[in-house]
């Protein structure tokens, strides 16, 4: 049994880590970090955890924390971990960072999109991008894992096999994504009030959202060249869930025909058939976010449109589980040699 | 055409005043007060009003405002108007206060429940409680109207005829009320975030909510003696609407029988048959908040329960219209001799 | 490992049974009964179960079913099980009925409120009312368990200790309950459409709802005499959850004082302190349905109101879990000697 | 004052016609057609109209109806009007059809996408496509107006000026649209139940939705050549509102540069600056459906993305108003020479 510390335990992603780890057989939570609620009982902040979690919230004392735990999860604002991280910490504990600080190889990309100076760029190369299905072996050996973003997990996995196999032209890729409100976090902002979100849908971060370069970087590895895409997120009046609707032009086969349903399905199966947490839906069935709620699944479906020569790919997941805390636990399981699905045996809740 | 000033124009009740007054034939809005958004275009705060309202937000300058307008609406926090009000202001403009500052005759009740020192108690007696259907004649002559609370408007009107006619025992009255989230205002608080309100229902202010004494005072006038009740509000995941479910023991007729449906209906009709904004529903039909959305209606239904000797009375309204801005405009119409329904010809939106 | 059959597996309660049993260590699902979807793959009806449940839906063949399974769950319309049940079935398998058919001791009460002729009244006495916390020992020995209603589980447990201890006058009890839409089932009715339920709250079944006599019967056992109450359910725009707000007059102590917070808490603790699935909240904390979502918990809080001499008791649960499928599994665990919480180790989902 | 008849008055679009016409100064409703509710009081089906609409529902007797009214609105299933329409009817009354029956010039396109045989193709050429802002003059003279679809109104208007001016390549156009649930109508289907729609988002009709050819036909007129696009609708858990997010590649200027923000804005202004019901938002402001709720506005915003050479255009409207009933009334106003905005002076409701 290892010990885990969470910094940012009272945000929604942090709370989901607590929910999942509370039932994990190999881990106990030893540190519930939350600067906003120091000394307050955790279960009084998240009353759903009453009688399930006994501890109180602690300040962020990384110096002390790394001596007491085996793994540190940081569910913190962008820039936090980069600004405090030291080599010494990594020698004492493994880190899984749910922020964007170590998701890029190129510090310039990070600084351009996040408008933050990166304080520990020397660690960016070592950090492993923790998309388990793509980087499983590297994750196993990692000291520092950059847990992918919620939109990006969904967007990348949905397109990856087709980009990798050259079945679509990645430069025609358009990702139109929709997210529930928990993706915006638990900060007290007018924009996130019930009455502002409810009965409403809007796009935001149009042509500027910071998950764009993250998708581009990973798909560029798949394509073997630099890829530029459009990514537009939308806010949907629901608590959880991300749906990514992705459009791309199909690349013709050598004989001039367009790839058909069977070819496309074959590509998905090549990469994902053995993946427990990726469910490739049957022909004619398309993902709905509710089918993944509370679970670590990514559901993927697609439709070839012969009229336009495009494919529509659709992916869905729970942004707090596979899009954040669940994937972080999956990464931890890999890093510590536990069964990859331990603690993630979560059945989607419907309705 | 008169001129109106609104202080607190960017809260939800203030914004609803703007929505209603924008179509009022006898009034133009001359002052959009909002300390939080000074100099910002109003339509950039409430983008629904784009091309409908041209002005920008102004600071709260009552000294200046009373010289420029005929009527001032204050949609402000409790205690604000009481702390700045002067006799001089009332000589220059009429005031309709959407806060609780002048809703009570007894300053001790106000201070006990609101935990605020009242700075102008000398005006409490002059102020008219602006429940138009009950106090129409006094409102017409008033300089200062205390616009009733949202829960209280619904709770009082639903029980009033039966209390007045002695058909129910007011001390057995229990009001279990449910409200949409706009009643909590537009303040940026964690409790009001989408993810905290959505998919959830809770009671709050149990045995302590400040609308309790307001209901008690008005029903005491109806009963001719001091009345004490239970009032419990609940937060419902919807934007607008209040439903009040009220329980009371029926008072037996002289012959020992319980009042029947006809007697009860007769009492409601005696007081409300001529009221345009009160709709007494047919037997077996009970109010739903959605049927009043966006309108100034109060819908009322009831059910006699011979098994228990109680009556269940149910009222519904839109908390921002009849529960706030609509009633304020109705009061203004009475005060200035306009048609009482001017600007309030609003058809409920369904769905 | 025992085998379970579910009749009515594609309703919401049936689907929740599937969700819970899918992770239960002592049970496998051997029969997914659904007349509406015969031969259709279960996971194509509930796509959230894709790759988790492999079987297809079967017709309702009780004759065959009782030979193949150890326990039968019936999540069926009122009257179904009563009309087909035979002594022979009970000799072959245990039954847990989620309908109301065996919840009453008195067939007249059933027929009066349900307007259905009961076809097997001879079994009503044998059937055990499966409110585990109250009837644990009888459930262990039962062949036929009547699983309580959703509203009733919440309403009874919230008031039980105070009725039993004589701290409240049960004839003053008023239960104002609020439920999410899954309580109305999965039938295709206009009233249950999204646009009819969303942004709306209404009462229904006023003074006539069929859970009334069920609450009365159980509280009558607690009171030691016949109890008559008011029960009013409301439909709330959310998927899951029931909140019961209950009002009753406190019974004075022999010294003329009203019971205080400590006495009340003592009564709750006397009955529930050892109950894993009942969480008595701390003073000043009141239940919210979201804190129980997806779990088998009932959360209970209360407030003494010295002004009116009443107590306000509030209970919350997930209507599909503790209010239906979870409680059914808890009953099964008791009947078969499994750990009572097996399969019910469910952490509430927030947000 | 003219008389209007509505066939299909109890569907959501029909009910919205009733809501709008109830306040229209030039029209009275003389016929509330609804086969499902014959002889039932209209206000008992839509209780929001209690005391506002007095009539009862009538059967569909077109023979009689055309003698009694000046204008007939048909808010009926696809194929209905085409199957009953006669020249004689058009000589007696004007028709505004909210179905798709007369939206196409080419009967083959209709039959291919709708899988219905068209019974009166001879009228397809005469019928005017009632997108008022594009076809105002033809609408004024029309006997038969095909009221556009909800998605199509939003999708076409959002892209029209840029297609017309050749600023975008129409064959690269991708329309990713999101709609509230009222667009699915009031039919009692499991898919439209609250619990199925709430807390969920999904795409549907992928590459096959019947609004696709309607968008293509109108944009082909603008482009001066045949246009083929991708259109994907999504169901969002809200009552009203459509948001269309549209992507297209910009066409380079003769000097090789991409069109900039000013050029794009100029194109929109050229066509829409004088349009009362189209609000072109300021730079950096993007539509939200809530800002249009209950009103006849279409809000449009856009963002040029120099990185990808694409433009993202976003349009929003209320699907029941500008997307159905409001536009139908706007068409009627044009046809009868009323002020175009009569009855449509509707202020968006927020929140």
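Per-chain numbering from 1; labels A, B, C and D assigned in written order.
Everything below uses one rule, namely that a residue touches a chain if its C-beta (ideal position, glycine included) is under 8 Å from a C-beta of that chain, and two chains touch if they have at least 3 such contacts.
Note that the coordinates shown come from a computational prediction; the quantities given were computed from them, not determined experimentally.
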**Fill in**
Relative to chain B, largest Cα-centroid distance belongs to chain A
**Asked** If you tally the C-beta contacts, which comes out ahead, A-B or B-C?
**Response** B-C
**Prompt:** Taking each chain's centre as its mean C-alpha position, how far apart are chain A and chain B in Å?
**Reply:** 46
**Euclidean distance of C-alpha centroids - chain B vs chain C, Å** = 38
**Asked** What parts of chain A, by residue number, touch at least two of the other chains?
**Response** 12, 182, 195-196, 198-199, 237-240, 288, 290, 293, 351
**Interface residues, chain B side, partner chain C - complex** = 174, 176, 178, 180, 195-196, 198-204, 206-207, 228-230, 232, 234, 236-241, 243, 245, 247, 286-290, 293, 303-305, 307-308, 310, 312, 314, 351
**Request:** Write out the stretch or stretches of chain B touching chain A in their complex.
**Result:** 12, 181-182, 186, 188-190, 192-199, 237-239
**Asked** Mind pulling up the chain C residues that touch chain A in the complex?
**Response** 12, 15, 19, 22-23, 44, 46-52, 182, 199, 239-240, 279, 281, 285, 288, 290-295, 299, 345, 347-351
